[in-house]
Amino acid sequence: MSFREKNRHVGIVGIGETRFSSHREDVNQPEMIREAVKDALDDAGLTMDDIDCVVHGNMELFEMVHQPDLWHTLGTGARGKDAFRLTTGGTTGGTLVGAADNLVASGMYDTVLAIGFEKLQEGHTTGGITNMADPLWARKLQSGALTDSAAVKAIAEFGADRAKRVAMLYRIIMDKHACLNPNSHRAFGLDWDQMEDLMENSPPLIGDLRLIHMCSQSDGACAMILSCEKKAKQQCDHPVWIRDHITVHREETLNLCVNHYPNETTHRFAARHLYERNGITAPLDYFDVFEMYDPSAWWGADWIRDFFLLEGDEHYRLIEEKEIMGGGKMPINPSGGVLAANPIGATAMVRVAEAAKQVRGNAGPHQIPGTVNHAIASSFGGTMWTILMMLEKELNW
Amino acid sequence: MKNSEESDSYIIHGKLALPYTYFAGRTGSTFLTTLRDHRTIMGVKCTTCNRVFVPPRQTCERCMADIRSQWVTVSNRGTVVNHTVIRYQDKHLPRKPPFVLAMILLKGADTPMAHILEGVNPDRVEKGMEVTAVFSPATTNTLLDIDHFEPVAEAP
Amino acid sequence: MEEEMNVKVSDSLDTMADQELIVLRKTISVDQKFATGPVMGKFLTALKDKRILAIQCPECGRLQSPPREMCAICRVRNREWVEIGPRGEMRMMEYCYYSSPDPLTGESRETPYGAIGILLDGCQKEEVFWHLLRPEHLEMVEMGIVMGDRITRGSRLRPVWAEERSGSIDDIKYFEIDEQAR
């Protein structure tokens, strides 16, 4: 992979999120977006006059309205400014931050506002995803983003009992995190003694993927303001620096249903390349927090191994010993992650936003103990696409 | 086996059908219910930019001020500022062609609103023509609760 | 674009009880036409003759079916066609309880159904073929899994062809357990 260092450093100076919810009948799309934009501007102490460019995105086919970038101007504030619309499926939010990072690093714009949104209640999420599949073959077969494949793999490798327990343990840990995050859409208050009951009685969706394992369909928006080093230091006492990001796509849409392991996922591929080029040899020691795009508990539990380049059952032991909670070896998703809220076009940006808040130390009730110097956030989408974003508290690498 | 030829390509007919929902939000709902229940057209005014927006919106696109509470009533009458004649037939269009879509600036508003113009030969529509709203007998809870606009009758 | 419209007024929101909020429920329905292109066209046409074709990468040799013009891994144009199957081994099943909408109608699909990956004879590793399982056989099949050195064999399957075939995915009704294999 060719890779060049940035022309200049880029810092996060403003973060805005709406609350996440299953229903926002009280606002239309631009009005909801406006809430996140205003929150980000207020957070940064800036106005739209300070913004040079707006990048805006969501997932196609979800709200059944097209070119939302045009009529969302009322919410995005893009009137009379350079603006881009981006859409890359579930990774959209990560792509938006990555694009804003590149736009600022390139020198084209000093300050860029990135906005991701989704009002999933307005469309049909699974229907929308299914209709993105190849129309001559896969559309008839696909069931949206719902899949049993991670469960099949985990059960084959670790046995049904351990695999199902770890997936549910992961789910309950995420719910405990979600209960601390005031923006959560779903925070049930699950407890450890509900494991057996949920494993047996949560309604099945596909195979061993049950309703409780799967992320929600949420409404919400996220906005982030990125500035070049010079501006960031003027605008903000403690910008969070984006050290590097990597995007890996795989376009193999037809041959995903395989039970032939092991194979290198885009997650492991992305992590391997990102760490190599940044000289990180022990990612589990280096990073202080990880915000993962975890669409289901089965995927979340499985992917820890790939993102930290672990082997065997190391990732399972992290979960079983609850080392992924605040204060543990590697706190994962103090926000509750995607299981707590999934407004898809915003979701991947929320991962970066939440990781950045942990670095700033002002995440709120779900701030983890200790100093967070190094954070990482992932995006997931499409046919196993990955974006990883590395954040730093200090400009010292 | 031989390579594929261009002649192997053919057309498959498909369809995309998906249910969806649209929420008008508070501001849009106030506009639509007032239209339906009182046959009154409302806008919002940005006092900073001194402009009245119809249909209304929560924020002023110019200064980004929150203007959601600054309601004003505008007239059901206005003037045509621009128009086009739809001459093709398509199942999603609200009328059979030919019909006129006009940009109508209501008295009291600063932004024109697109709507159907009837009661005039499409070739005779002129800029500045005075028109008035004709309300629909049945509600759809949409902007089509105004069925169409038509020219104001000349005084007898 | 044809839109069936019915308008519902939301009145159940306790927090919003002070105002009637307008909600429009619609189905967007758009007629579409897809050109198969020569590669997919050749594959689909062969289904009319009850033959399943795969295209082979000239560099890595892997088979793709349904075929793609390119091998995305080697970035070269695929040229050679081979016939595979039509029988094979069941490798993966998505046992779907969740009812997603049929893209053609917007209506919910009948559940449960099994979307399966089949390793057709002549293929190996990830070269699986994606189709449906005969609904009556949902509870009777076994998945095959290769986990390093550990190999589990899946059920033997055969296609059930549609009486009338037009060169589309529907030319195969579904795959069913191949009794002859027992």
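Just so it is clear, A, B and C label the chains in written order, and each chain counts residues from 1 on its own.
We take it that contacts are C-beta pairs under 8 Å (C-beta built on N, C-alpha and C of every residue); 3 or more make two chains touch, one makes a residue touch a chain.
Keep in mind that this is a model prediction, so the values were computed, not measured.
Engineer: Could you draw the chains as nodes, link the ones that touch, and say if you get a line, ring, star, complete or other?
Structural biologist: complete
Engineer: Would you mind checking which chain's C-alpha centre is most distant from the centre of chain C?
Structural biologist: Max centre-to-centre separation from chain C belongs to B.
Engineer: Taking all protein C-alpha atoms shown, work out their mean, then name the chain whose own C-alpha mean is nearest to it.
Structural biologist: Chain nearest the centroid of all protein C-alpha atoms: A.
Engineer: A-C or A-B: which has the larger count of contacting C-beta pairs?
Structural biologist: The greater number of contacts lies at A-C.
Engineer: Measuring centre to centre with CA averages, how many angstrom lie between chain B and chain C?
Structural biologist: Their C-alpha centroids are separated by 42 Å.
Engineer: Can you compute the centre-to-centre distance for chain A and chain C, using the mean CA position of each chain? Integer Å is fine.
Structural biologist: 28
Engineer: If you average the CA atoms of chain A and of chain B, how many Å lie between those two points?
Structural biologist: Result: the chain centres lie 38 Å from each other.
Engineer: Do you know which chain C residues sit against two or more other chains?
Structural biologist: 16, 21, 23, 26, 28, 32, 34, 36, 44, 101, 103, 106, 168
Engineer: In chain A, what residues contact two or more other chains?
Structural biologist: Residues 25-26, 64, 124, 127, 131, 135-136.
Engineer: So which stretches of chain B touch two or more other chains?
Structural biologist: In chain B, residues 12, 14, 16, 18-26, 28 touch at least two other chains, as defined above.
Engineer: Under the definition above, what is the set of chain B residues touching chain C in their complex?
Structural biologist: Listed in rising order, the residues of chain B that touch chain C are 1-26, 28-30, 32-33, 90-92, 140-142.
Engineer: Which stretch or stretches of chain C touch chain A in the complex?
Structural biologist: Contacts found on chain C: 10, 13, 15-16, 21, 23, 26, 28, 32, 34, 36, 40, 44, 64, 66, 68, 72, 91-98, 100-101, 103, 106, 115-117, 125-128, 130-132, 143-148, 150, 152, 168-170.
Engineer: Tell me, which parts of chain C touch chain B in their complex?
Structural biologist: 1-3, 5, 7, 9, 16, 19-39, 41-42, 44-45, 53, 79-83, 101-106, 167-168
Engineer: Which residues, counting only chain B, touch chain A once they are in their complex?
Structural biologist: 12, 14, 16, 18-28, 57-59, 61-62, 64
Engineer: Write out the stretch or stretches of chain A touching chain C in their complex.
Structural biologist: Result: residues 23, 25-26, 64, 124, 126-127, 130-131, 134-144, 146-149, 152, 156-157, 203-207, 250-252, 254-255, 257-263 of chain A touch chain C.
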